[in-house]
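Heads up, the next two complexes both have chain A, just with different partners, chain B and then chain C.
== the complex of A and B ==
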């Protein structure tokens, strides 16, 4: 036993330290002690997994939204630069020369 | 004191060398039965250490549970599996000291103990009252050494301070505790 492994004899005999050692607590451990730790540990693991994957999930969501918007824009605009040719054609047909009819003769 | 003697308190079970390492490896892989084995191995001692530092059994149980959870969460940081016990006690002592620092100073009067509760209870209350007057560092050092019979090296590892600091703190704590004890007895007479 080393010199430091036990208190020196004068302190061991001291009333104060005898009383200190006599006041040691021996707590009883609750039945659900281990279960509580395991449950909380599972929660911790879930949180860690969530924290690990969340940036990737957020990034993927943003990418999907951006891609959808881009595709939508491309579909609406088309190769003509956004002019509505159908409407223009319709207007032109309304103002074209009327074919001769029997009343004009 | 040799390395085997230094760990005599922490390694209370009769596990062979490398066995703890095997269980810890399984803990790292998320095996709950291995976690339960490690908890069963250390819980009694850990709760007792926390209870004697805090002088509160319920709070001690919370602190011990928190220590296990933090210990398992940060298990990947542990390079040497043989140091697991020391690592766990270090977390526990740190949590206890944080709780002591955040406590409001309470005035526990010795007179508040009923005589019918007996001398053992009176002694416990008086000891609690005296320990409350020590700083968290002195209190934890005194409890680990005098009550839990940790070696100097174990106290140093648990409190993450050099052995010289432990000796110095222990000397101060013993002197202070003895003064408080004498004063309390003088007042009681």
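== the complex of A and C ==
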């Protein structure tokens, strides 16, 4: 005996179809339906984009932090203030050489 | 692009942003910032450079006074100094000598200008007072420090190329003229003259001071030659024979001893032996090679970060143009059609010819742009996504070549290049300096553009999307390559800059002392 030919214990065929039609759910579309769908779509797109660019953002963040730290370590304060330029110049010792040119005339 | 490529790209972008903003690395892009600002370069405007001096600075201090004398000497070399100006410079030197009697420089300058005015007694007095002075300071270091301060204020940091350029900014002109006059004075003095020994003694004392206080090897060398000249008499004056020179040295020392001037003899003997020590400790050829090596490195580090940044930005703009072509595909299709392409080719070629008068480039442009007329008879509908590895290789090579040329073209406009390249004189720099960049850039750019019709013909794509693909690929290749180079070079430069600046500053402030302290190779 097939399923279709089995008689219903409570309803006739016509009654069953009527009951089935009555049970059909009519979708109730609210005012914000379109907005919600679009928002979900945008959200989904943003998630995809974020997932796509996530490695780039992570790479950039690591580079920024690492380079900033490295530059901070590398940057040493240079010599401050000016140098006395005269201090290093060659200077004849007063006590040893006074050329006696006047005595030779 | 896979995730690893995106991560690497992000890292490069992040690194570039940090390097552009961090105070330790920002000054390395000073040439580009400065070119964009449009302000005149301090190297070309500082009144303390002899090349820029139209009007000498006010006589506010000894540095300015010494600079006046130097400018006067340079003008006298060119024969542009009138006797009235000689007189003013003589008065200036005498005034400074009175203020600073222990500095032989003022006395020697006074002697020089007295000689130019043919005032023999005043010249003789000036040589004598110069000989008993204690030091030689031509105040050029102070002048160089003022130029360096202007460059530092402009670039926000003391960069190696500043000091590299300042080494040769120390002018030997005045020392050369003084030494020439001093040499002439002793060489024209007959040995039998009773004043001959006194002239040689004065010359020797002045020359020793110049040698020891020169602060640049070419100036000290003038002093060394002058010292040797004081010993020469008669035929030896015309001979460079080493044996005769040594005999002349002993002869002069003997003459001092015979005249009863033992102290003078000791001074002369010391001066000659110190000359030998100078030549041994500061070999001029080695010093020159060492300076050139340091200066080449300074030049490379000065122009490469800015050149790479410019090329990377250019690549980015090229890629954007490539993207933009997709939105004007119909216009591009019209311009590259068989009928219009030759007309555009001949119009561009004529415009280039009449503005630049360069026939070869114009003909090259006409032929290349007309090449677009060879459109494929049957085209695919799809856009070219990946035209193949050969396409990437050809476009990438041409694009990197163009990027290099644009970086080099920018480098050649910078003050660092213009100040350092002439003094290097190496084959590579001379080749780069003399390269006709416009011609090379035209050839490369046209070849790059011609890749589009070539690949369209071979792979049967429409020309506009292929042209867009060419520009996008070229732009991306240039941008990523030069951004990577920028990161590497800027980091290397940051690490080495302090050491390089210290060395070049040491050479600029006192080249002789630097070599005496660091040995033959300056390391």
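Just so we're on the same page, the second predicted complex is superposed on the first by the 56 of 105 C-alpha atoms of A that agree within 3 Å, B and C clash if a C-alpha of one lies under 4 Å from a C-alpha of the other, contacts with A are read in each partner's own complex, and residues count from 1 in each chain.
One rule holds in what follows: a contact is a pair of C-beta atoms (placed from the backbone, for glycine too) under 8 Å apart; a residue touches a chain by one contact, two chains touch by 3 or more.
Bear in mind the structure is a predicted one, so any value in this text is a computation, not a measurement.
Of the two partner chains, neither chain B nor chain C is touched by A:46. Residue contacts after overlaying the shared chain place A:63 against chain C, while chain B stays out of touching range. By the touch criterion defined above, A:20 reaches chain B but does not reach chain C. Judged by the touch definition given at the top, the superposed model places A:55 against chain C, while chain B stays out of reach. Of the two partner chains, chain B is the only one that A:38 touches; chain C does not reach it.
Applying the stated contact rule after C-alpha superposition, one finds that A:71 touches chain C and leaves chain B untouched.
No residue of chain A is contacted both by chain B in one complex and by chain C in the other. The residues of chain A lying in touch with chain B in their complex are 2, 4-5, 7, 11, 14-17, 19-30, 33-34, 36-38, 40-41, 44-45, 48. The residues of chain C lying in touch with chain A in their complex are 3-4, 6-15, 17-19, 22, 24-25, 128, 131-137, 141-142, 145, 158, 194-195, 197-198, 201-202, 204-205, 208-209, 212-213, 215, 259, 261, 263-264, 267, 491, 494-495, 498, 509-510, 513.
Against chain A, in their complex, chain B makes its touches with residues 1, 5, 30, 32, 35-36, 39-40, 43-44, 47-48, 51-52, 55, 57, 60-61, 64-65, 68-69, 72-73, 120, 123-124, 126-128, 142, 145-147, 151-152, 167, 174, 177-178, 181-182. Interface residues of chain A, counted against chain C in their complex, comprise 52-53, 55-64, 67-68, 70-71, 74-76, 78, 85-86, 88-92, 94, 97-105.
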